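Two complexes come next, and they have one chain in common, subunit A, joined by subunit B in the first and subunit C in the second.
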Partner chain A sequence: MSIVTVQLGQCGNQIGFEVFDALLSDSHSSQGLCSKRENEAYQASCKERFFSEEENGVPIARAVLVDMEPKVINQTLSKAAQSGQWKYGQHACFCQKQGSGNNWAYGYSVHGPRHEESIMSLIRKEVEKCDSFSGFFIIMSMAGGTGSGLGAFVTQNLQDQYPNSLKMNHIIWPYGTGEVIVQNYNSILTLSHLYRSSDALLVHENDAVHKICAKLMNIKQISFSDINQVLAHQLGSVFQPTYSAESSFHYRRNPLGDLMEHLVPHPEFKMLSVRNIPHMSENSLAYSTFTWAGLLKHLRQMLISNAKMEEGIDWHVRPPLSGLPPLGKMSLNKDLHFNTSVANLVILRGKDVQSADVEGFKDPALYTSWLKPVNAFNVWKTQRAFSKYEKSAVLVSNSQFLVKPLDTIVGKAWNMFASKAYIHQYTKFGIEEEDFLDSFTSLEQVVASYCNL
Partner chain B sequence: MGRRRQRVDPAAGARAGALPEAIAALSRSLPSGPSPEIFRRAKFDRPEAVTLAQRTSALWQLLFRVLSPLPVGNALASLALEAQAHLVKSALCSQGYPRLALAQLPEDGSQGSRELLLALSWLLARGPVPEQMLAQARVPLGDEMTVCQCEALASPGPPAPHMEAEGPVDVRRVQWLMGKLQFRWRQLVSSQQEQCALLSKIHLYTRGCHSDQSLGHLSVTEAEMLRDPEGGQQLLQTLERENQRLEAVLAWRHTELVFWRWMDTVLGTCAPEVPAAASQPTFLPWVPERGGGELELVVRELQALEEELREAVERRRAAWEAKAGGCGRGPEWSAARRASREAVEKELGALQQCWKQDSGPARPHGPHRLVRREDGAAGERDLRAAEVIRTLRSQEACLEAVLRRLQGQCRQELARLVGALPGLIWIPPPGR
Partner chain C sequence: MTQSVVVQVGQCGNQIGCCFWDLALREHAAVNQKGIYDEAISSFFRNVDTRVVGDGGSISKGKICSLKARAVLIDMEEGVVNEILQGPLRDVFDTKQLITDISGSGNNWAVGHKVFGSLYQDQILEKLRKSAEHCDCLQCFFIIHSMGGGTGSGLGTFLLKVLEDEFPEVYRFVTSIYPSGEDDVITSPYNSMLAMKELNEHADCVLPIDNQSLFDIISKIDLMVNSGKLGTTVKPNSLVTSSSGTLKKRHKKPFDAMNNIVANLLLNLTSSARFEGSLNMDLNEISMNLVPFPQLHYLVSSLTPLYTLTDVNIPPRRLDQMFSDAFSKDHQLLQADPKHSLYLACALMVRGNVQISDLRRNIERLKPSLQFVSWNQEGWKTSLCSVPPVGHSHSLLALANNTCVKPTFMELKERFMRLYKKKAHLHHYLQVEGVEKSCFTEAVSSLSALIQEYDQLDTTKNMPVQDLPRLSIAM
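Moving on, here comes the complex of A and B:
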């Protein structure tokens, strides 16, 4: 079933391009370590999901590009066309000539309603092209002006017009020391609105990805392009085709639906994060070998100790002994030690994948008390290797990973709000103080729910 | 026992091979029907060791097939013989089967073939059993859908396993499960939309391919038949088997009088039964759908039956109250009672709703074939999609209103409960 991607703002469009590029180049890769027939099935499944066919055979991404200024969209369109492998649809983009000055309220209350008709009509055309439509993948940043405000508006509209379709928002968490003064306001407004209208919030933190680029990939001058490529690699390893069951031979038809059903059925727990292993530069890759046991052990410890990458993992963190009550409710004042999960999904790709042993993830101590591992943990295994990695594992986790960052942002935003700093920029466009208070309430509720796991 | 009364046909009885012919037709017309030999021998309950057990279990299984409300191939079909026999007994009892001897038969299939034969005849006399079974197993050639909701209401599906909660259940787990259910539901809707889109494409692309002008285009089964000749062969064989059963049913209808006279003799060989202590319900003979005049007869009989049922229910309830009056008075007991009463009321309400809506323009029940037509011409028995959509939308609006009302009641109840606890602040979740 097909997924329609909505790329919003500078961030969304740049990442979107990298994602489609990564998906298609992986599907064309010759190092899949599987039979030709297998590879063809893989390619066909990937294509059906993310691309549509044109007469001359060049796949067209199932995407709608939206931005308030033309520069980034034009760059994105031309980069795609230059690759020669794929492109965006000719009439799939919407842009204006003015920016929105990083003002969430302007994006939500002005741009949104003004351009609602055009944007929704573009989306509708894209959806109609799909024979079988499963849902939306919306890429946006949380802290900027266009992506965040307009993104919240568009997601709400999608909720109203396509109530039965799935919606996953891919959100970029800003740098802690970001440039935009009001980024915390933008963030809390975005998150609280999306929590109501979206089904799942898949979060990538800029800080974390930056570290991956620096430490694992050894990149000296890290550009946005590098960061986006790491992101695209992680997303690709989640969304490329996987088998539907242990012994079946067909690729899963509805990965978005299956993923959501496993991870985010509870309305209060919608925040997902992604960890993948291994991740290194191509040069290092040539000299490395991996075992499933090693990879899974590291991935498990990354989950437990809330590590963002496979270097610098804190091996001292251990799950609480079963039978004993969890070590008090999680306190945010002390350093967070053990990361309790609501649900986890592990996707394994590559050589000898059937022999990979995931028992370590089925430990009840990893999970909250009201969900047993048999319900909380799922594993998808696929023979076909991903993107030059002979073995790769990715973990999509609904756990306490994001509680501390969220709490930090809420705290900072609250401090600003208490002194009424910059509020007039929002009230000018119809976002009242009450809306801020509502946002604070819902996010405090989210933090509390995750803390009480 | 009630008996079919028809004009006596002297010629039929005179023919020598009439009875075996009738029994053979009956055997062919029932799905995996037992051989005629089994029928004949069932009359004699003599324990001829192997064959008695064989024919008894064959008859238990046949009765199970006839009485089971679910289509063939279901998990129930693989139940053990004892389980099937038990279900047959309870189904017959709930339909009002009068003979006690059947209820007392052992469930291992070791004896009682004559009683089973009588039970089968009783069922055959009550309704068009071979025709019904044929309709259940028919091969649909077109793309079909049903427009009325009666079937959905009448067959509630297999009974849900009764689960006892082991202790206090965390509400978050319940929310989790509800969420999973909602996701499955949405995926179902998406799949249905996909199916509709693809059906529409097939119907559009195969315009002009059908030999039957009134249909005009192919259905999925027909297109598949053209694409895959081997599958087409199998379909052909299935249709031929269906034809054979249909012919058997017709033959049965011609010759059944002989069977009934033979069954009289079977009944004669049984010892006379003392009627049970409970009331003796009357049996309504099956009236073939043959004309308006008979309908009044049916209506009157139905009213009499309703009256009778009401009296029986009252009597039962009084007896039960007397027996159970003393026990279980705790709050869980009355809560459980209230819950089950509410569930029954709701179902009755839904049934009545459906009845009210269908009492408008008389819509035929059962599945309809989907046909796409450009010119918009419709035959007299055809339904237009636009009308069906309109009716379904109004039913949907009705149900949504009921849902909103019930949700409002829930909210009020919750608010009341919360208000009763001092010091508790109630924050409802952000409304959608």
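Moving on, here comes the complex of A and C:
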């Protein structure tokens, strides 16, 4: 089944390019560590999910590119074409002349309705090209105007027009110290709206990915390109074909459906994060070897202690011993200690993957009381290695990982809202103080729900 | 991509404008090697087939035929505009886009605003409409003028109201040259005060600049260039004050170097909108992020570096120095010290080979020494444009919405009151039809209210930041 990607705004388009590039590079990689037949099945599955075929054999990404000003889309299209390996569809983009000015209200209330028909029609064409359609993957940032505001509008529309299809929104959390001054306003408006209309929110934080570039990849002068490539690597290791646990004879057909089923058991809990291990520069990779036991031990501790990457993990954090009374309401004031999960999914790829032991993830102490581990935890194992890593593991988690960042953003937005700063820029386009209050209420609700796990 | 129209008013406005077009051509010539009319050039220039008579000559794509500036030149004296039209830039301007008169405004705001305003209102509207029609998607008007004279100050601000009524969706960015302490125009305090009221009410964003600061920057550069530090030479063409080939010979006019600084400001301001980069910043984002309340729209600017040494491999320390300089009071284009006042918001627009990690490192480094208002502790807006300015490998433009503009306004009010109390020269204004004492008193209250706002913000400066109680949810 195929996934249609919608890339929105500068961030969405820059990332989208890296994702398709990563998927295809991995697909063509010769270091799959598996049989030829296996590899071919992998490639075919990857192709079906993300690309359509053209006459001369160049794969075309199943994507719709949307931006309110032309510079980034032009760059993205030409970079893809230059790779020679794949490209975007000729008529797959929608562009305007003037951007959204970092204004969520402008993206949502002006650009949205104005361009609704054109954008939805482009999306429909892409969906019709799919023999069998799995759902939408929408890439956007929260801080700007187009990705955030127009992204929220488009997602809502998708919910109305494709009520039976799944939507996963990939959201970029901005750096804590500003990229955009009104980023906190834009973020809370985006999140509250998406919580109603999206099925799952897969989050990447710029601060976290930046640290991975600095500490694990040892990049000296980190550019957005570097950051996006790390991101794309993580997404690739989630979305590339995997075997179903039951049958090792064919790759899963419905990736989005399976992800949602395993990770979003309750509509109140939709926030997903990604952690992967190992991740390093190519130079270091040549000199490293791994065992599944080692990788999984680290990954489990990353989950429990809320670590964003494999360096600097706090090994003192332990899950509460089973049988003892629960720890009670999580306090936001203290350092986050133990990270309780709603659901977890571990995806393993590579050599000897069948021997990997994931029992550590089935400990009921890791999970909230209303879900048994057998329902809350899943593992997908695939022989075929990913992107030059002999063994790689990725954890997609629905847990308290994002509570602190969310709480921080809500707090900052609230402080700014109290002074009414910048509000006139939003009311100008129809987003009133009431809308802000609604957003605050929804998000406080989400924070409270997660805290009470 | 959007287009912008520059409206240059008065002697000062036109001289700066002239420098701007000169530098803009130089920049695009350096970037656009193939001579194709692309979207970047179209933001400030039209491509015209000069063989076609009348209006049908616009060419939207393909090779560059003849570039015409998207500009409207207004002056109530002919001298400056005539000089421009006889100079090397004469082909860049469309002769139909001029409005001139002979007598001048006599350094009298009232003459510029009321007399010439009503006289030329229709013509002005017509030229503006024409220039808007030539645009696919007009985003912004850049108005350049001085505050102390008569035409730039009076007619320039009259324009603002016209633009607001006729093109309400288009941004009005005003670059205003404020009079320095030793200004030789006696009535400049009156003119500036009356103009301020208009700026308060009808401008979206104002970039106040004063001659003294520009002069200090020139002196600093001269010192550097002439000191001949061992082993270093300044790259030609890299001075923020240097012009391109066309104006070189006539460079020795005193204001040229200063005007070039302002021209560079405008180029850098629009660079991220015209050229590509990993984190773009359009003009509408400037207003969105830097204007938290409609009245507080005055932005103090600083440009670095002022010159580049011919040091090919610039290590990170030099890069970091550029960031530090942007916050020093010596680099501000206004007599102001943002570091010791309160920031409401700050934008850093970087050009050239600078990446996000460099930007973040410097923000982290400089943050502790700067004071931000309690509700905007991380009030940074950043942009990265890949194309550096001519002669540099990277550059930084910092725009600060900061209470450090208060002293400038307070001084303005003081100088005004000194004249007004004695009623000196007042009759020149009152004898113009439509001008009464109330114009003056209203202008004073408008400025006083603005100063009051900055005052209130300043009182919050050293207070500890408290988190407000949040909404509590019943579970």
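Note that in this section the second predicted complex is superposed on the first by the 451 of 453 C-alpha atoms of A that agree within 3 Å, B and C clash if a C-alpha of one lies under 4 Å from a C-alpha of the other, contacts with A are read in each partner's own complex, and residues count from 1 in each chain.
As a working rule, a residue touches a chain if its C-beta (ideal position, glycine included) is under 8 Å from a C-beta of that chain, and two chains touch if they have at least 3 such contacts.
Bear in mind the structure is a predicted one, so any value in this text is a computation, not a measurement.
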item: Partners on subunit A (subunit B, subunit C) - clash or fit; value: fit
item: Touching partner for A:M260 - first (subunit B), second (subunit C), both, neither; value: first
item: Partner chain in contact with A:I222 - subunit B first, subunit C second, else both or neither; value: second
item: Contacts of A:G178 with subunit B and subunit C, given as first, second, both or neither; value: second
item: Which of subunit B and subunit C A:S121 touches, first, second, both or neither; value: neither
item: Vertex subunit A angle, Cα centres of subunit C and subunit B, expressed to the nearest 10 degrees; value: 140
item: Subunit B versus subunit C as contact partner of A:A214, first or second or both or neither; value: second
item: Which of subunit B and subunit C A:Q31 touches, first, second, both or neither; value: neither
item: Comparing the two partners subunit B and subunit C, which touches a greater set of residues in subunit A; value: C
item: Contacts of A:S281 with subunit B and subunit C, given as first, second, both or neither; value: neither
item: Smallest distance from any CA atom of subunit C to any CA atom of subunit B, in Å, after fitting; value: 8
item: Doubly contacted residues of subunit A, that is, touched by subunit B and again by subunit C; value: none
item: Subunit C - residues contacting subunit A, complex; value: 1-2, 39, 136-137, 139, 275-276, 278-280, 282, 284-285, 287-294, 345, 355-358, 360, 363-364, 367, 374-382, 384, 467-468, 470-473, 475
item: Complex contact set, residues of subunit B against subunit A; value: 170, 172-173, 175-180, 182-184, 186-187, 189-191, 193-194, 197-198, 429-430, 432
item: Subunit C-touching residues of subunit A, taken from the complex the two chains share; value: 10, 14, 69-72, 74-75, 97-99, 101-103, 145, 175-182, 210, 213-214, 219-225, 227, 410-412, 414-416, 418-422, 424-425, 440-441, 444-445, 448, 452
item: Contact set on subunit A toward subunit B in their complex; value: 1, 131-134, 164-166, 196, 254, 257, 260-261, 264-268, 369-371, 375, 438, 442
